[in-house]
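Mind looking over this structure? Questions follow.
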Amino acid sequence: MSNSESSKLMSMSQAVRLHVSDGATVVIEGFTHLISFAAGHEIIRQKRRDLTLCRLTPDLVYEQMIAAGCARKLVFSWAGNPGAGPLYALRRAVEQGIPHPLELEEYSHFGMVVRFQAGAAKLPFLPLRTFSGSDLPRVNPAIREIECPYTGERLPTVPALNPDVAILHVQRADRFGNCQVWGLLGVQKEAAFASARVIVVAEEIVDEAVIRADPNRTLLPGFIVSAVVHEPWGCHPSFAQGFYDRDNDAYVAWREISQDAAKLNLWLDEWVYGVADRAEYVRKMGDRLTRLRAKEQLSAPVNYGY
Amino acid sequence: MATEEAPAAGFTPAELMVCAAARELCDGEVVFVGIGLPNLACNLARRLHAPNLVLIYESGAVGAVPERIPVSIGDPALVTNSIAIASMSEIFYNYLQGGKIDVGFLQGAQIDRFGNLNTTVIGDYDHPKVRLPGSGGACEIAIHAKRVLVIAPQTKKTFPAKIDFITSPGHLEGGDARKRHNFPGAGPQKVITDLALYDFGTGETAGEMTLASLHPGATLDRVRENLGWEPRIAATLQTTTPPTSEELRLLREELDPKGLYL
Amino acid sequence: MSNSESSKLMSMSQAVRLHVSDGATVVIEGFTHLISFAAGHEIIRQKRRDLTLCRLTPDLVYEQMIAAGCARKLVFSWAGNPGAGPLYALRRAVEQGIPHPLELEEYSHFGMVVRFQAGAAKLPFLPLRTFSGSDLPRVNPAIREIECPYTGERLPTVPALNPDVAILHVQRADRFGNCQVWGLLGVQKEAAFASARVIVVAEEIVDEAVIRADPNRTLLPGFIVSAVVHEPWGCHPSFAQGFYDRDNDAYVAWREISQDAAKLNLWLDEWVYGVADRAEYVRKMGDRLTRLRAKEQLSAPVNYGY
Amino acid sequence: MATEEAPAAGFTPAELMVCAAARELCDGEVVFVGIGLPNLACNLARRLHAPNLVLIYESGAVGAVPERIPVSIGDPALVTNSIAIASMSEIFYNYLQGGKIDVGFLQGAQIDRFGNLNTTVIGDYDHPKVRLPGSGGACEIAIHAKRVLVIAPQTKKTFPAKIDFITSPGHLEGGDARKRHNFPGAGPQKVITDLALYDFGTGETAGEMTLASLHPGATLDRVRENLGWEPRIAATLQTTTPPTSEELRLLREELDPKGLYL
């Protein structure tokens, strides 16, 4: 580990070029909250191929990457359009191999969470109580069992997941990668510690003093972060608590887009290939975003003095 | 109690399902909530007989008090003014596996007579006819929640004689199967469809869906037409109490005014 | 679990009478921060016996309970007077059986942390990478090994620790037991979830709305809490970030007191048996406490709106 | 570099030990800090050649910038203005076992020639002559930190031929013992006493304390008198660079003005 005083700030295009290579195992986490669509779109623009995409809920961001041909394999626990139906393009890949076949490695949420936790702790595995009685172990040989050295009972296990790179959106970060998140925490901390490299994407770049004024809110210390990208509205259509709401209309509209491969490609042409970067996407979205801006409900301060 | 109030004139099957589910919840219980009808049922119960119901969402919101109907399991409205935000590791390891969850709601694309649920695949796993979303948290909820409530509209397709894949174990092959698997939770206790309410029997038929109550207007024939097997029927078959006008008012005016789910 | 709207507020004497019985396994956690001396002293006053005391750092609070004859066994990882030398009374118990023999079950900090974590998750054990090459496993048969079902390597394990009752001091709680902590977090959350009962001791009792205004700060939800005790200055001589500083003079002075059993008993007579409750202890301490009061250094608010 | 500056006139052995330890730390490294001399060494390095040194304390303070000398490993001054507070589970599982710690400081009541440390017991474990505090986090720091620095005043009692208990493994019986145990960290690299500085050799003597540098005023005889075995001596024995006046000024005026540890 090394924490140099030099800034890690760079553009998303630079961060993806430096840290996301063809064939890499990539995790873009965020459970409905703080999903870096900005990173997913840049990976599509840079035409990364043969990626192993890991994430509890593949969601629209992975469906778009799969439809664009970036993915070879998907490691997941729930693949749907949250609250708005199936992911049709993902189903086309799995059911018909369009645009090409997609290998699946499937767990439950608990299983995926524990895989990241084992990865973060550099343990080869961890035990957990699920899967028993389910057909999941039958179709996933990575789900195994051990005997407890104390009680003798058999316990299911999952192997550690250690991606090459984790991409995490946060509400605020300083230029060294020290970053803070509030609201839903998902499995971001575990995914970051489990990964060889971490790209932090932030709504706001703040002074280090802002982070140090409330250390209990810190998600990651900068010394485990490889790159910091400033990307306001970088989660749209997902949300960032305190910044903007979930764009539910976009999730609902996606249903129709993803049903038709041609429609989906037109969408990619317009909203991904057709824009240079997230800033242009944001300008193009215009008022649609501004009406999602969060109302203010501030927390009370606490005293860190002694 | 809501059931003592005046029954309402017209209501939809979905409204009845939500009301029937809400009545299964006791004040002070800790409920692992899903989106859609379960979410409506929990928030309805909270407004009526269970003001201290604790709503937990797998996204990490504990003691949520959503001011609007959540459109996703991770809606920001679940965070604002909640009691606690837990990481998903805490949710699954400490809350669910830790035995702190009283009730879990589950749904299924396929449900068999033992309450086993399939949300993974229709057809063969490797050559699927329809690829479904998968487990999410369902498999562990089915194992750990002290009791499970299943909500699903009733069709032969949804309730086949045999399901293609067991994503979340109910009573497996019935009887004391759950005991043999050392499952901490009691598994499915009720199945609520748009036609009827089922429990899971007792004695030698324990663990098998048993018709306990017909919804107003539903008939045994319609139940049979929409079930993949010949149903067991309780000794004393009840008629489900219809929604009260207060339950319907809350659902229509406050909980789902836009009719997203009803 | 049950979360009744009825208040769980009670006096420390009532909480100890209801939830700490002779022979119980008790954990009073807090790593240098938020140690409930108030609870320890009340347990001494109520003459509990044969307790199994669990805690990473026994510290003064457990030494006082051991010297008073409350403890049969100590489960720990570091037994010293932090920054001020040995715990002489604990040594008398171990080396000479004074006031009576004390059984030891010893781990490292990592081992104790993982024991609480396994307990919280209701797992019988968890694996961890420590103890190898150390003599600790030789003197503690509860430290065992398993073979990884993926790599085949041998990994040390520790068994779950599930105390009968956890006693935790927090900066603020509402009357239902929903509580919040900032500054050092230690292993309190894991200890609480691992225990059958939880007594929350709070510097401040606040309205539920204060907790709900910042849910990311919450340590425990009320529905896992059995009792709530309002005990200002309840951690002295340890500290509560934002409320009062550590009374280092007291730790240094303890060195001389604990060296002499007679002196220690006089101290217990004056400061534990000689006071009815914490409130009287606080009055008796007088100015000594007020000069420890924390200066103000407030965190900035964050926006929970959407 | 500090070492290029003017050497100071008078200084205590403790001051020299702290300065020698500080010089072992590189800018940007992540250090697992202990109380006392290690804490002074880290904060001294941070004021001089290693401004970006990241101080982590097992209590959970990450990137601490203590404004006063911490009197305990969990001093509130370690929290205020730190970069992050981690639970102890995160500290041990994710930071230490996760391989994020470059340097760990350890001390010992007994230290053998292979850098194995005893902080548990003098005499028999079950019938101790002196019961010591125990491991704390030392055992796992010894295994996981990329390298370990040991600080201890040198006496025959502290450096016996054989220690009564191995709390924290150093190089065990020497050679490639750590490799055979699959220890992620390299183990003790330096031992800093009040008389001399030792490294752990190379080649066939690797893993055994080797006298690398004598402190100003110390002699080989005094080193031998205060060591429980005949020490290996480096081919080219150095003399330790004395503290500079700037190092001493920082220690005496800013870091430990009350002389708590010096």
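In this document, chain identifiers A, B, C and D correspond to the written order of the chains, with residue numbering beginning at 1 in each.
The rule we apply is simple: a contact is a pair of C-beta atoms (placed from the backbone, for glycine too) under 8 Å apart; a residue touches a chain by one contact, two chains touch by 3 or more.
Being a predicted model, the structure only gives us computed values, none of them experimental.
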item	value
Pair exhibiting more inter-chain C-beta contacts, B-C or C-D	C-D
Intercentroid distance (Cα basis), subunit D paired with subunit B, Å	59
Approximate Å spacing (C-alpha centroids) for the pair subunit A, subunit C	37
Whole-Å gap separating subunit B and subunit C, where each centre is the average of the chain's CA atoms	40
Length of the line joining the C-alpha centres of subunit C and subunit D, rounded to whole Å	29
Two or more partner chains touched - positions in subunit D	61, 76, 79-80, 85, 93, 97, 184
Residue numbers of subunit A (touch at least two other chains)	122-123, 128-129, 153, 182-183, 185, 189-190, 213, 216, 239, 241, 245, 294, 297, 304-306
Chain-to-chain touches, reported pairwise for every pair that qualifies	A-B, A-C, A-D, B-C, C-D
Subunit C-touching residues of subunit D, taken from the complex the two chains share	35-36, 58-61, 71-76, 79-80, 85-89, 92-93, 96-97, 120, 125-126, 128-140, 143-144, 165-169, 172, 177-178, 181-184
Contact set on subunit B toward subunit C in their complex	27-30, 51-52, 54, 61-63, 65, 76-77, 79-85, 90, 93-94, 97-102, 184
Footprint of subunit C on subunit A - complex, ascending	122-129, 144-151, 153, 155, 157, 159, 171, 182-183, 185, 210, 213-214, 216-217, 239, 241-245, 294-306
Subunit C residues touching subunit B - in the complex, by the definition given at the top	1-5, 120-123, 178, 189-190, 193, 208, 211-213, 215-216, 218, 220-224, 304-306
Touch list for subunit A against partner subunit B, complex	31-33, 56-57, 76-80, 82-83, 86, 90-91, 94-95, 106-110, 113-114, 117, 128-136, 139, 153, 182-187, 189-190, 239, 241, 245-246, 248, 251, 294, 297
